[in-house]
Amino acid sequence: MLAEYTGVLVILVVGMVIAGGMLGIHLLIGPRRRFAEKQQPFECGETQIVSPRRRYAVKFYMVAILFVVFDVEAIFFYPWGAVFQELGWFGLGAMFVFTIPLAVGLIYEWMKGGLEW
Amino acid sequence: MTVEAILFYVFGILAVVSALGMVLNIRNTVASAMSLVVTMVSLGAIYLLLEAYLVAVIQIMVYGGAIVVLFLFVVMLLNLSTDEFPPGKQRVAKLAVVIVGVAILAQVLVALGQAPLLVAQPEAVPEGFGGYRQLGLSLYTDYVLLVEMVSLLLLAAIVGALILAKRKID
Amino acid sequence: MLPLDHVIGLSAILFTIGVLGVATRRNLIVILMSIELMLNAANLAFVGFNRIWSQVEGVPAIDGHVFVLMVIAVAAAEVAVGLGILLSMFRNRDSVNVEEVNLLKW
Amino acid sequence: MGEFDQYLLTIITFFPLVTALGLMGTSILASWLGAEGLPAALWKPIALASTILTFLLSLRLFAVFDPLETGFQLVEHVPWIPEYGIHYFVGVDGISLLMVLLTTFLMPVVLLASWNDVSKSLRTYLSFMLSLETGMLGAFVSLNLFQFYVFWEAMLVPMYFIIGIWGGPRRIYAAVKFFLFTMVGSLLMLLAMLVLYYLSFDQTGVLNFDLVAPPGGVAGGLLQTVVPLDGTWWQTQTWLFVAFALAFAIKVPMVPLHTWLPDAHVEAPTAGSVVLAGVLLKMGIYGFLRFAIPLFPSAAVDFTPLIMVLSVIGIIYGSLVAMVQSDIKRLVAYSSIAHLGFVTLGIFALNVHGLNGGVLQMVNHGLSTGALFLLVGMLYERRHTRQITDFGGIARPMPVFAACFGIVTMSSIGLPMLNGFVGEFLILIGVYLAAPIFAIIATFGVVLSAAYMLWMFRRVVFGPVENPENRGLIDLGLREKIVMMAMVIPIIWIGVYPNPLLRRIEPSVIELIRQLETRGRVVGADLEVAPEPGFDSEPGFEPEPGFESESAILDEGEERL
Amino acid sequence: MLIEATVKVLFILVVMVVGIAPVITWIERKQSALMQDRIGANRADVGGITVLGLLHPAADVIKLMTKEDVVPEGANRVMHLLSPLIVAVPAISAFAVIPYGGVYRFGDTTLNLVGADIDWGLLYIFAIGSIAAYGTVIAGWSSNNNWSMLGGLRASAQLISYEVTMGLTVVGVFMVFETLRLSDMALAQDTTFRLFGFLDRFFGLDWRWIDQVRVPAWGIFYQPLGFLMFLTAIMAENKRPPFDIPEGESEIIAGYHLEYSGMRFGLFFMSEFIEIIIIAALTATIFLGGWAVPYLSTDTIIGGISRFFDVGFATCLCILIHFSTFMLKVFAMIWVQMLLRWSLPRFRYDQVMSLCWKILLPLSIANIFVTGLVLLWVKG
Amino acid sequence: MIPVPDLNLLVLLPIALVAIGSMVILMGEILLSRADTVLGREVTESFIGTVLAATAIFFLALTLYTSVVSFAAGGVQVFNPDHPMYQLDPFSSLVTAVVALSALLSCALSIAYLSELRINHGEYYALIMLSASGMMLMVAAVDLIAVFLGLELMSIPIYVLAGFDRRKLRSNESALKYFLIGSFASAILLYGMALLYGVSGGTSFDAIRAGFEVENPIAVVGLGLVVVGFAFKISMVPFHQWTPDVYEGAPSAVTAFMSVTVKVAAFAALIRLLAMAFGPLDESLENIFWVLSVLTIVVGNVMAIIQENVKRMLAYSSIAHSGYLMIGLVTGTIQGYSAMLFYLIAYTFMNLGAFGVVVALANRGNDCERIASFAGLARTRPGLSALMVLFMLSLAGIPGTAGFMGKFQIFMAAVNSGEIWLLIIGVLMSVVSVYYYLRIPVLMYMKEPGDESHRMEISSGEGAVLVFCALAVIALGLFPNSVPTLLFGDLDVLNWTRRSVEMFFGG
């Protein structure tokens, strides 16, 4: 079984070599002329007045939290989908029951404005 | 030593190092989170080596891809990138926890040394072990109750997160 | 063929690192991450042990794997709620230092 | 016995509680319905009527009681929690009969006496008093250890509130102290009870909390339990006795454990003090008589010297401390310690005279000290002070009061023809027979008590009226006169003709002594052989003289000391 | 084994990454020019030869290589360097599981034309993709630039949102093909089915001509809605227009890679194009039959050719045909993406999120259950 | 197609009802908050709250009914005979019923409180029910996976509930602490379970029972970690530090709920685990429990004395009660376990009552929680004060109350096992506890009122709950074997508890 993963290992290594090599070459041949203005973060010509290291809208968190929850939901779907035909009606029923609370959760989130941007 | 064993040690060491990096890096929380990603991915690789295929991919998807992302979000968005907090009180309690933790570790390691688990180690696992097919079939027959319960748990998480995090609840 | 003893040993080490993280760090996020690390250590132990107990009386047994799946789901829910709590606290106070969680004596 | 008498004890016990619940219940019901409850003017009369009715019922009890019969009478035995051998099991013998009577008698008197004392949340007060009465009565008639414990603790709560709410300035301290002291002992007693319970279970195979075998019951009572004298430490009789004795000694109180008493007495409202002194303190002695001594006879005998010493110390100490008190109530409180020292002394003489006297003296003390507290309360009501120095020459404005005070004081001292004398005399005889030296010291205590009582009496009642505030004092009103009459008449009656009481006490006392004999030292040395009554000691065991007769007891007592 | 895997992997990498990826940049320019009535890339020349502007990709590389590597002050240098790698490596690695040919038998040996024929290939891509999400967010964060930060946030929020939907939209396909292995999926599509076969359940007939209509057993015919949703989701994953809110230049300049220059930017750029290929290859594999030639199953092809040639040669030819078919489909999908990219205006961010959570997510769940019901009904 | 497993869906009814209820509430909350009028009534926030609470109570009552029916039917039913995860037997039915009842009472208690604190969101009830479903899973589980899942399903909603008053920092912090400690504990528990799985090769209790060996150090460590994990939940010393903080910070109604149900569920699950998966306890474990029990009793009682906050005081008192309950664990006998169960039932009513009084006093967004603010309460709120006295007496273990019957049975069991020293310590500490429990009656009845403003009216929900608890406390205290009820005849709680645990001993 594990033999199947050789390709993955290879491509990971190759991928790193490619990406790393490109960066490396660039570092080698790229010019280097630094001065203060160039090093400043780009703010359309203004000097930076607000640090980006601050709190952002809560929506982002809501999305991330929702994502985590629904990602878990999704991983329960994958193996189920793959064996669905073997499970038959029973499997469909089980998954239906599984989905109800999540659907309720989604509707709830939706209606409560948790999905509004 | 087989290739698998070598890979196991590589990933094991990677996991430990990155875990230590996560815990010990007190200057940069984002880096801590990224270290955690490395740990998670290494663990995923070890799961693969242990022929827990579905678990491995789910580990990477959920732990590596979702949970730590959430951490990272919070770290970045709340600007918790550095945390040079003043040294804390309660040294004793913490020391106690540390000692107990290390003691348990030692205990387990010694126990492992004394009573090797090798006795029952099977050379090969049954056909299809750890794949999505076997796991899927068991999950939705033998363990179907747990699956339903997980969905309740997720419902609770959704509701709870919304209640707590949303600025205004109507 | 993996050295399963070492797998369990690795999980114990990771678990301990997690405990140490919880005990020594004061950044709430890092504490949470350490707890996740502990859960992962347990997962590793489950998977490792399941490799040993891949067959019980001739029947493939995957209790450990199922447990891990459940733990992952639980961890996700836990993190979602935990960060929600963190957010609601952060909204009222600007710190995530455990030691500043001090209205109630810790 | 008629149908009615069969349930007499239950009715007596629970009648006050029912009244209390009725008082509270109607108000709750009324407030729910939005209607007006019972008019406030009716509360006191209803409570009083209830207590008087209870007293009348207990007189009926007195009449029904057969003085010739030993053992428990009017027994009721109903399963309560039969899984654990807990039954509702009541019955009276001579001792508890008197205690019941004393209780039911004191309650109406007390209520009448404190007619105007209490204005703050009156209904609650009355309910507490009534439920207190139930608690006390229940404890006196219980023959099931568990049930006893329930009542024993249950009466604590109302008393605690009575002291704490309606008491004097330091009432909270006093109330909490009272509660905590009692709790320590009683919880240890609970433990000992449980140990005993399982001992009995081991021996009989039946889970049983009954003290004696119920009528028609198969299981023997706990009294049949053989408590080993050695064994696991927590199973030895000694330790079990200590646990029980501690609980009772705190309640009595015996000397090193007495410190709650002055506080409680002083801070309690008059009614509370009277009930406390009159009944609650007796609970400790009653506990010794009913439980500690018969259950653990050998240990009791072993501990006799210690308890006697403590009693004597109590007598002397109480008297001496009483002597230096400037507060009348405090003085009476310390005198209580001294008097109860007498009682325990008499009880632990463990012979007929001592026990007879002790039991009688319990009644006497209840009457005389109760009356004293009542009188002090009446004074306090008028002057709002209890300092001896504030008074003087009370006899002039308040002759009736002075007369009553005089009689009661004399009774307390133990003047012949008054009740105190009979009791103290019997006790002294008993103690003398058992341990002459203690009798002598105790006699000295009598002298001391005379000294402080008379000294106090003189300073309060006689002499010129120095304090102008005392000049205008009004003498006892009709209500107060009735109260005092109610107290004084039995004081004199018992002093002159104690026989009706003694007649009823004696069989029970003899029964108790028989218990001691049959389950004395030999018992428990060998678990297999439970000796029959009159069974002589077996060879190899420490010889113990058989308790054949009264004289034998006397001999034994002399021999021992 | 190692060598075989390496060869297979390198082959696809060379074809896709080295071969196609640069070409796509050119295609994009030319196509957009075509659509906008311009000429498009035509300036880069080597000695006056422009070859329709085909030299532009090479010029781009050289330019990026020789640009200065600027790291803004206040940036986290390590993270700044890491994030393009985190984006690029997963993108490249995704090729490992994409089957570009079927399983062929040469005597005793079998040739399986997929870099790593792992059991849960599709999940592998999802997993890889979820790791790639770190790249954008880290890039945005490490640059110490408000626009970058905002871009990174938007990018990651969008990525993770669509990750869920993307997963759920293909569950229907799993159910139909009963597998998560991409090569099995492709194999399963190497046949045809009666399009209206399910009507048998209702009419019980051999029912006119319509009953005999056969179509290739492609995912798109089983899961038309799934195909559309999957395409939408996976395109959103790539953050290309019309889903390019994270880098919407009119709002936040260039988003998370604003502070990137030189090859660091090049890697972001490259992975974006690699992802286009992956999307194309993946949709082709899942929904368009992968390497399968419509109506001509492998056996038919080999059988047909081997009538004239020897079996080995026939198989080789078949491989060639299959690979070409695959590449054709890939290019078709790339073309579709380009078409979409240049036809549709950019969504607003709230529209993107609504589309994901309020439309695609419920629809995909509904799709799963409808699929389930139909499947079970048809099976009886 | 695989053969369809032979599931016994009816067994799942209690959990299913609660879960459905929670979803109905969520949907109802959405529908109601979007409607202007319902059946001609204007939809106000309090109306929504009441309707949703009524829904919750309805479903919990159904759950209660089903679990009682299942208890009455007796016998052991499993959800999936091939792979038992969830087993409804007398023990789990009884505990399920208790959980349902206390959740029901908590819901009724919260209606007015939530609007008083202006946190009247319908999610509250949904979360309570979700948590209850977790408890039900946990107490009926016969598999470590289900135990763990149930534990988490129980905890996660409670973390949220603890922080339900989002605008208050204290509530936030309470939630945060509970969350941190709780998830730390579950991680420990989980690792223990992993080790147990490792030595036995299965996660079901049967497998563990077969595979557990005291000689195996890994097994011992695993068991230890599992116990530690539970120790956090039942606030066993030295894992108790979170309790007072969390109890104090959380909204009172939530504290009432979690102080009761979590303890019941966690203890029940622990008993079940120890009895079913480990059989008779090893002596060394007994000794550890002995020590921990003493520590818990002493620390809980001693610390309670110095508290100035009612909720903190009750928190320490609940720690102390955990200690008493652990005496039952030390004995490990049928008697000890049934005594624990009885104690838990008694504790449910008395603690819920005590917190209920605190809840009923909450005024205009503020909890009434300083002990000093109880001064003179008897004057202004005589009824509440009387009830509070009753609950305090019961907590202190005065005869005639449920608390006493509980303690009494625990003591009986301990005496029977010869744990005299443990008991002596317990008894002495009981006296200490009397001291702090009495402080409240002292203040209420014997002190003059301060300038605190309490809520002056009691809502019908609170009133009903308090009266119910009071009646239950008295009834259980006086007639543990035949609680008289109007509708259902006499309830023999004493035998119920015994019947429930007999199963563990092959009865």
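As written, the chain order gives the labels A, B, C, D, E and F, with residue 1 at the start of each chain.
The rule is short, and it goes like this: contacts are C-beta pairs under 8 Å (C-beta built on N, C-alpha and C of every residue); 3 or more make two chains touch, one makes a residue touch a chain.
Values in this document were obtained by computation on a predicted structure and should not be read as measured data.
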According to the touch definition, list the chains common to the neighbour sets of chain D and chain F. none
Taking the mean of each chain's Cα atoms, which chain ends up nearest the overall Cα mean? F
Note, CA centroid farthest from chain A's centroid sits on chain D
Could you tell me which chain lies farthest from chain B when each chain's centre is the average position of its Cα atoms? D
Centroid distance [mean C-alpha coordinates] between chain E and chain D, Å: 96
When the centre of a chain is set as the mean of its C-alpha atoms, what distance in Å lies between chain A and chain E? 16
In whole angstrom, what separates the CA-based centres of chain C and chain E? 35
Suppose each chain is reduced to the average of its Cα coordinates; what separation in Å results between chain C and chain F? 26
Multi-chain contact sites of chain C, meaning residues that touch two or more partners: 8, 15, 18, 22, 32, 43, 48, 50, 52-53, 66, 69-70, 72-74, 76-81, 83-88, 90-91, 98, 106
For chain F, residues that touch 2 or more chains besides their own: 2, 5, 19, 23, 26, 145, 149, 152, 156, 159-160, 163, 166, 175, 195, 198, 201
Residues within chain D bordering two or more other chains: none
State which pairs of chains touch, listing all of them. A-B, A-C, A-E, A-F, B-C, B-E, B-F, C-F, D-F
Touching residues (chain side chain F, partner chain A) in the complex: 1-2, 4-5, 19, 23, 26-27, 29-30, 34
Flag every residue of chain A that touches chain C in the complex, lowest number first. 55, 58, 61, 64-65, 68-69, 71-72, 75-76
The chain C residues in contact with chain F across the complex are 8, 11, 15, 18, 22, 28, 31-32, 35, 38-39, 41-43, 45-46, 48-50, 52-53, 56, 61, 63-64, 66-67, 70-71, 74, 77-78, 81-82, 84-86, 88-89, 91-93, 98, 101, 103-106
If we count contacts the way the header does, which residues on chain F are in touch with chain C in the complex? 144-145, 148-149, 152, 156, 159-160, 163, 166-170, 172-177, 179-180, 183-184, 186-188, 190-191, 193-195, 197-198, 201-204, 207, 241, 244-246, 248-249
Sites on chain C touched by chain B in the complex: 1-10, 12-27, 29-30, 32-34, 36-37, 40, 43-44, 47-48, 50-55, 60, 62, 65-66, 68-70, 72-81, 83-88, 90-91, 96-99, 106
